[in-house]
Each structure stands twice: as structure tokens, then as C-alpha cells.
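In order of appearance the chains are A, B, C and D, and numbering begins at 1 in each one.
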Amino acid sequence: MALQDILDRIAAAMAGTTDRGTVATYIPELARIDPGQFGIAVALDDGRVLSAGDAAVPFSIQSVSKVFMLAIALGRLGDGLWTRVGREPSGQAFNSILQLEMEKGHPRNPFINAGAIVVTDAVLAGRMPREVLAELLGFLRAASGDPGIHINEAVARSETATGFLNVALANFMRAHGNMQNPPERSLGVYFHQCAVEMTCVQLALAGRFLAGLPVSPPMLSQARVRRINALMMMCGHYDASGEFAYRVGLPGKSGVGGGILAVAPGRASVAVWSPGLNSRGSSKLGTEAMERLARETGWSVFGGAS
Amino acid sequence: MALQDILDRIAAAMAGTTDRGTVATYIPELARIDPGQFGIAVALDDGRVLSAGDAAVPFSIQSVSKVFMLAIALGRLGDGLWTRVGREPSGQAFNSILQLEMEKGHPRNPFINAGAIVVTDAVLAGRMPREVLAELLGFLRAASGDPGIHINEAVARSETATGFLNVALANFMRAHGNMQNPPERSLGVYFHQCAVEMTCVQLALAGRFLAGLPVSPPMLSQARVRRINALMMMCGHYDASGEFAYRVGLPGKSGVGGGILAVAPGRASVAVWSPGLNSRGSSKLGTEAMERLARETGWSVFGGAS
Amino acid sequence: MALQDILDRIAAAMAGTTDRGTVATYIPELARIDPGQFGIAVALDDGRVLSAGDAAVPFSIQSVSKVFMLAIALGRLGDGLWTRVGREPSGQAFNSILQLEMEKGHPRNPFINAGAIVVTDAVLAGRMPREVLAELLGFLRAASGDPGIHINEAVARSETATGFLNVALANFMRAHGNMQNPPERSLGVYFHQCAVEMTCVQLALAGRFLAGLPVSPPMLSQARVRRINALMMMCGHYDASGEFAYRVGLPGKSGVGGGILAVAPGRASVAVWSPGLNSRGSSKLGTEAMERLARETGWSVFGGAS
Amino acid sequence: MALQDILDRIAAAMAGTTDRGTVATYIPELARIDPGQFGIAVALDDGRVLSAGDAAVPFSIQSVSKVFMLAIALGRLGDGLWTRVGREPSGQAFNSILQLEMEKGHPRNPFINAGAIVVTDAVLAGRMPREVLAELLGFLRAASGDPGIHINEAVARSETATGFLNVALANFMRAHGNMQNPPERSLGVYFHQCAVEMTCVQLALAGRFLAGLPVSPPMLSQARVRRINALMMMCGHYDASGEFAYRVGLPGKSGVGGGILAVAPGRASVAVWSPGLNSRGSSKLGTEAMERLARETGWSVFGGAS
């Protein structure tokens, strides 16, 4: 079947699904999103971008931003970053502080909240918060080739007003000497990076460098890209990363805004979005769509179609 | 460079390495192995098997056996197995009982000891232990095409005499209702499966079905193979699985005997062996050899060579 | 009010209570006990023993036996015992293995199961199990002045057949080098000591040495008695020890057989029994009776009546 | 021996001790204190106050303040307080966040930092911070009969500037809905209450109501006093509470300023101070002095002298 047909069928199937998960409510601005939406976009190695459903509707990328901030951090600091954050799955929920105590303020990986806050703190490095946010937007615009990507200030304010757990994580790491900047400054950047808005098409385009597609602008060495992909595979969905690997078999990163970015190395960059979440905090329909796409294309990195 | 040359260079480099890690001492029979050995073998999709170093020396496969017992369990029970064991990285050491208590006797995945004991218990299912061991040897001999694979009884006795932690794990799960057979019976099988001896060549041949190589005898559906590969990627090296994914980028499984099996889907099945272990309980030189092989072949599932 | 009147009223109130908790079911022999029973006995400093209710009915003392085995261990080993077991509340349930892993097989205190198994193992010290059990019975008979105390073999067998969690704890400690004897031997003694049967009157008499009553036979130095009392206060009721201190204010030890021994230093030794347990594994009516007795006598060590 | 002689000998012995522990350094203002100081004071039931050493030197009471704020909270809220904080030993360090996560923001007891912050938050209840601090000083002045007790503002500022772990704890509980006031407001009060300065004489006088001495002004019902004493016994020294009960046998509360308040119900209120801490964060010489005093007076609640 042609890929466009696969995408159309997936979008049609999702449109007919009634059990769509639950929209995240702990960030008030996100709680208002209409759960009836679904979009998917695939950027291919020949430069084409196929899409279906609400692939042109902007959504809050939330934790998907952690991938891009990590790319910036690796570009700036190289392997020095790994003195401050680990590279192992945490076996705990995304916002767990337990592991952080047992390991003295050293987060297990860059995709749990604590680890992502450390990455942002490392990129900030005494600069002005707005400088770092400009760098992030610049990176996203360059990677996607789309200058229209921006931050939703209302969402950023909403996160700042309710992010007590992240304040706890940052201060806990500060107490253990693992924050360079005042916690509230790094958190300010972090809350804004989560509030970046992108469409599925923009996100799929921005992910091309992770898939190693020749049509992507050069963003990072291939050695580093491989490592970011490894981290997405191992830790991209918190304590449901094993499940995503088992069902989909592609490196990916989810966000509580309902977006997921996944990468089929050498083949494609895929973005899906549907706001309703499953019990583990990832898009319910988005995960199902990814599973179906991987099965029908045979793109799993763990072996071809039967 | 030709693959045989790559293997020869790796074997030569390893022969010249003085920091070879530490041979496992908690199983007395393993403590006597000469740490100066190193072997590597690669089974390719065209039927060739290339090797270098001590690739024809039998060693104790230990936890690598968990992969084959899992394959047998999935063949026998299908997805019913997953009611008794999870599919997520544990974030803990291979023999941790902590997670088991927090999750009421349900092990996080089939590759930590507790999970592997449950898998063996599920395959045993009231049968005679020797029947299950015959089934395992039959599977290994069929997959490798080599009838010479056997169990080292001295090693099995040694494990039985010192495996107090595994006795603790099995009884803990029994107390939580997650053992079907008397703990000592399932442990009897488990201690024997760990004592299977294979050479690198035999192990690489036996792993061909996981790489989906057409030259492999049919052992399991491709859908199940993909899932075993996903589990090896996520959990194959305990709390160093992230590190292996980051450095090597191939699904793999290590054992305290110093063996590692890794799979490049569609391309090759690789076995390395060197008895000295790193601080995480995996072969030190074996891991380094895998990293170098993946880098020089571009076989990482996370993206090609730069 | 005279003490006998207080006891009579308590017994009458308990007889009229319908919510009597739940009889322990995990030891089949205990599950058959009639939950309608309640007894209380108080041994005073003038030699009198007052009682009410079913104070002459024998019951399984279970974990209350840990106090007496600890007394024997301190008499035999002195402070050397504390290299193998701690003296702090565990903050966990009585059978938790989590703390044991975090502290490498060193149990937090002698009253959680793991700690009590270590104490028994230390008393066993290579001797025959029946020798140690004879020593325990001798101690109890001497302390109470009653030669009729014995072990219920059916209960001991029942515990042996179902004690998987204790088998796990003992083997876990063995793996960490904190068992001197083969786990099954020390467990054999442990399962039998829990199966000692006593009446409330016998138990109150046996506890006189802990209250420092002059009418007690000399069993242990007063310095050691104070320390056992401190341990009972801090750890005698597992993760409900704080609650017992808060409500009752006396050092005490409960057992899943429904018995509780408590001590008012210099004044009295008190035993209550009622088989129904609260959610924390202590006798529901027994705890209520202790609270009422302490309030009406002003015996709390934390301050007199208002 | 007369009590004054006992105190003089203890002070003399402490003056001659060279191993005095380590002054807390994480609060810069405390790090400057001369570790050579030692004071002890005992308030008796006949109104006398005996003392020795530096008993008239003011020191930072730190966590000892938690006892008085708890007394105020119980007076204001009664048992309603216990919906927000538990009454069990935590089995963890004073500043652990691990237990807080496992129990969803409900601290184990009012004497670990998280619990004390909740108590302060409950007393604050929307009022102005300075009102609550005035209430605390009023309570301390009334209980001790000494109007000279005050807060050291430099210490309070020092704590505010470095208390990242407490900021983490408060925000973590806020995220779980267990803070009534903005975290920074309750923390403001908390940092100031820890900075109260008192001498040993003042502290012993202020503690008389806990000992139930008739010479104390009436501060709280005897039933509540018993319960505060029970909590001090069980949780007054964090994960060294068992050790204090075992060695001293009196309800007590330590602070990182080197002060300890202990209570012999019906007999005396005792305060000691020496700035050097042991590995568990309590005054090293203070603990030794308490142990010696309890032994020589026979005041242990767990039984008289041998």
C-alpha cells in the first residue's frame, strides 16, 4: 500500500475512535484543548512530507522539546554534559524524585523532568533566559526550514504558575550542587521551552536530522544523532519506554501535549498528535497510530515485517 | 575494510589489552576461568560465519540463556506470559528485590533474574525439570544446527550451592503467588539453563533467528522476534542497558560468564566472549568489541556511519 | 477504681464489641481460631496476678516470642549481637525486604522478621535446633514459674509449609553473609518459636522481668532489660509502633496470633489476647484494651493522668 | 550523689573531651560557632534549676523549635492536624524526600523537616508570618517565664539563602495539595522559627510543661503532653531515634545547632548544648551527657537503675 494511503487509513480509523484518552489537566491551558483532534505527518528521505488529519494544527510540544534542547546541549558541551546527568532508563515516573535522592541529585537521564531541567540549566550557563529561548527557536526553525515556530506565552505562564513539582526537583538538585543557575531562572527557560507550539508537519520536518535524512540541514554529527536516538529509545516515554519499544520499535519522544516524534533511521521522521493521553502520560491515539504505521511499513529497527 | 579484517583487528587489540575486568567469583566454577581469553563470531545473512580469537572455546552462557528460554515461553504461552512479568527496564541491578516488593512479586522484565525465574517457571508448568532442559537444548541445537551443545553439570551444581539470592527471589515471588511450581524445582531448571556451554560460533549461529536471517531455521514468528529484540535493547544489560544502547546500538544480552549475544536485524548475529567483567556485570572486552564492531560496520539500529 | 474492676469493665466492653478485626489467614492453623475471645492479665509488683475474660486460654504467641529470644541472645552474646542487626525503627512493614536490600542484608531491628531470624540464627550458633527450643521453653518456664508452656507442633508445621517470605528473607541475608547456619535450620527454630502457646496469665508472668518487678526470678541485668524495653517501644509493632506509643505509651510487642505483651516499668507486666487483627497486623481489641488500661491507670511512661 | 555534683562532673568530663564532633556547616552562620562549648541545665519539680558549663550562652535551637510549634498546632487544631502529617518514625534521614514520594506528600511525622513545615503551614493558616512568630515567642516566653527569648535574624537570613532542600520539600508537598499557604510564606516562618536563640536554662524552663512539672505554667492538656512526648521518643532524632531511646531512654528532640531538650516525665526537664554533631546530626557531647545523666539518675522511662 502507498504510504499516503496508510496515513489516510490511520487518520480515518482514529477519527472513528471514541476512547481517546484524557487530556492533561494539571496545566490549565492544556486542559481546554479539543480531544477530538488527530494529525500525522511523515518527512521522507526524498524531501516529501506526507500528512493526514489535523497535521497543520499547532499544539504544545511540551516534553518533545527536551530532544531539541539536548541536541543543543550536546553541540555546546559535548560529552561534558554526562557528568551532570545519566543515560539509563529510570524505571520510575517522569517526575519522580525518589531516584534523585538515592543518586544524590544526579538525574538518571535527560528525558525525565529532572534531567531535562539540568540540560536546560547547562545550556543557560549564566546567559539571559531569552537568549537561550531564541537559540532554541532558531534551532527548530533551521531544522524544519519553517520560520513560523513560536512559544505560546499563555501556556508558559500556566506552567510557571502550577509547576510546583518541577520547582521541587530543581531546588533538590540545587541542594545537591547540580544546578549552575538560580533554580527559578533555569525553570523559567524550561517552562517556556515546553510551551513551544508546532504542527505535525513542522515537527516531522524538524526531526529529519535525527533520522539522518540527506534532505535535512546539517544540525549535529551523525555520531551524536545516533546517541540521541538511543536515548529516545531507552527513555523517551518514561516508565512506558519498554512498551513503546515493544509495540512500535522506533526511537521516539512523547509530550503531555499529545505530540510524539519518532524516527526511522535512514527512512523517515514521523510526528503524530492527539491530545488525549493514556495512563502513562503519552498520547493514546498517537501511540496506536505509531504502532500501526510501524507495523504496516516494516520500519521497526528490531526487524522487518513477517 | 572487509569484515574478517575488522574481526581480526578487534581480536588483536583485545589480546593486547591488560585491563580485562574481573572474572565473576560468586560462582566458584566460573572463578577459575582464565581471563586472558577473547573470542568473537559473526553469522551473516549469506550463511557464512566469520570469527576471530577463541571463538571455538566453550563458555558458560549464563544469562544469555534467558533469551532462548523466553523464546520458548513465547512459543508455548504467547502473550499470556505477560500477566506474570513486565516489559520495562527496571532501573535496578539484575538481582534487585526492591522493585519486586514495590510491585508485589511481579518482575519488571524477563531479563532480570526474578523475571527469568518466572519465565522458566512458566515453561516448566508441572513437567519434569529434565524435560524442560531437553527442550532448551533441542531449541539451541536446532537454532545453531549444532548437536554438540550441552550443560556443564559442575557449573550447575556450583550455582545451586551458592544461589541464595535466587532462592530468595523465587520464594518471594512464591509468597506473592507468582510461582506455579515449587520454587526449588523451577530454580533447579534455572540453575541448569545458566550452565549451558556454547562457543562464540555456536552462539552466533543460534542467534540467527533473532536477526531474521533467511539462513536460520524457522524458530519463531518475525513479530515475536521483533519483540524479543526490543526487550534485549531495553533490558538486556540490567542497569547498564542504556549504556549499551548508547555505545553499541544493537539489541543484546550479556551473561556473567563473559558472553554477549547481539543482533543486527536483517544483517548479522554476533557473539563475543571474554571472561572479565566490568562493574555492571557485563564482559568488559566483550562490550568494547561490540562497540568497535558496531562503529566500524555502521550496524547500529540508530543510524548509519557519519 | 480498683484494678480488678478496670479489667472486668474492659473485658465486658470487649465482649460487647462486634468489630473485632480479622483473624490472620496466612497461617492456616491460626485461621481457625474463634475471633470471639478476649483475655487480659496483669502481674503486679506485689506478686498478685489479676485477670479477666479468656485469660486462661492458650494462644499462639507468634512474634511475642521475639522478645524472649532476644533476651536469650543478649544473655549469650551481649552487645556482639548488634554487629548483625540494628536498633532503629524500620519505617516499613514487618516482612519488608526493601530495607534489607538498601542496607545489604543488615536488618533494621530485632523485631522485624528479618531481624528476629538473625537473632535466632545467632542463638542457634551451630547447635541442634531442638537444643535451642529447649532453651527457649526453659527460659519461658523459669520467667513465668509455670512448667506447662509448650510448642504447638501443628502450628509449627503450618508455618513451615507457608513461610515463603521468611525463606526469602533468610536466603537474602545468607547471600549477604548475615546467616551463620543453613537458612533452613535457623528457620526451623524460628517457625517453632512462633508456635509457642501461652495463656495471658502465663505471658504476664513471663514478662515480669521486663517490668523489673522484684517478684520476678532474675533473668537479665536491669541495664539489658531497659534496652529491650526501649526496642519494644520503638519497634514492637512494626510500622504502627508510633501509633502504639502515641495511644498507649508502654513498651510492648504484638504477635499475629492476637497476643500483646506490654510493660509498665516498676509497676506491672500486662498481657492481652484477642485473635482479630487490625490493618497493621496487631490485635484490634488487644490494642484498644491496652489503650484503655493505660489511660485509666495512668501507667503511660510519657506522663501521668491529666 | 547530689544532682548538682552529677552535672558538674558531666560538664568537667565534657570539657576534657577532644573528640567533639563536627559543627554543622550547611548553614553558614552556624559554621562559625566555637565547638569548645558545653552547657547543661535541669529544671526540677520543686522549681529549682540546676546547671553547669555554658548553660547561660544562647544558641540556635533549630529543630528543637519543632516541638513548640507542634504544641501550638495541637492547641489550635487539635487532632485535625493528623490528617496532614503522620505519627510514625520515618526510617529515613531528617530531610528525605523519598518517603514523601511513596506516601504522596504526606510526611511521616511532625519532626522530620517535611512534617515540621506542614505543622508550621497549619499554624500559619493565612495569617501574617510575623503574627505566627510572635505567637511562638509568646509561647516560649510564657513557658519559660523569661521574656528575653528572641530570633537571630542573621541566622534566619542564612537559612533562607541556603535552604534549597526545604524549598524542594515544601514545593513537593504543595504539588500534592498538602500546603495551605504559598510555600515561600510557610518557609519564611519555618526558617525564622529555627533561628530562635535560647540558653540551656531557658530551654529547660520552657520544657517543664512537657515533663508535667507542677511549677510550669499551664500550656497544654496532660493528654496532649503525653502524645508530644511519645512523638519525641519515637521520632525526635530522625533515623537515630532508636539509638537515643536505647542509650538514654527519655523523650527528646535534637537540633543541628547542638541543642537537645529531653523530658523525664514527672521529674525534670533537661537541656544540653554543645555545637559539635555526630554523624546523625545530633550533638555528640550532648547525647553523651544525656546518656550519662539518665544512667546516674535512673530517670530512663524504661526502668530504674540496676
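Please note the rule applied: a residue touches a chain if its C-beta (ideal position, glycine included) is under 8 Å from a C-beta of that chain, and two chains touch if they have at least 3 such contacts.
This structure is a prediction, so every number in the text was calculated from the model and none was measured.
Looking at chain B and chain D, the chains in contact with each of them are A, C. In this structure chain C contacts its sequence twin chain D using mostly the same residue numbers, the overlap exceeding half. When every chain is reduced to the mean of its CA atoms, the largest separation from chain B belongs to D. Rounded to a whole number, the gap between the C-alpha centres of chain B and chain C is 47 angstrom. Inter-chain spacing, taken between the CA centroids of chain A and chain C, is 55 Å. Chain C and chain D have Cα centroids lying 32 Å from one another. In chain D, no position touches at least two other chains. Applying the touch definition to every pair of chains gives A-B, A-D, B-C, C-D.
The residues of chain C lying in touch with chain D in their complex are 86-92, 99, 108-109, 211-212, 221-223, 225-227, 229-231, 233-235, 239-243, 245-246, 249, 251, 265-266, 300-306. Residues of chain C touching chain B in their complex: 96-98, 100-102, 164-165, 167-172, 174-175, 183.
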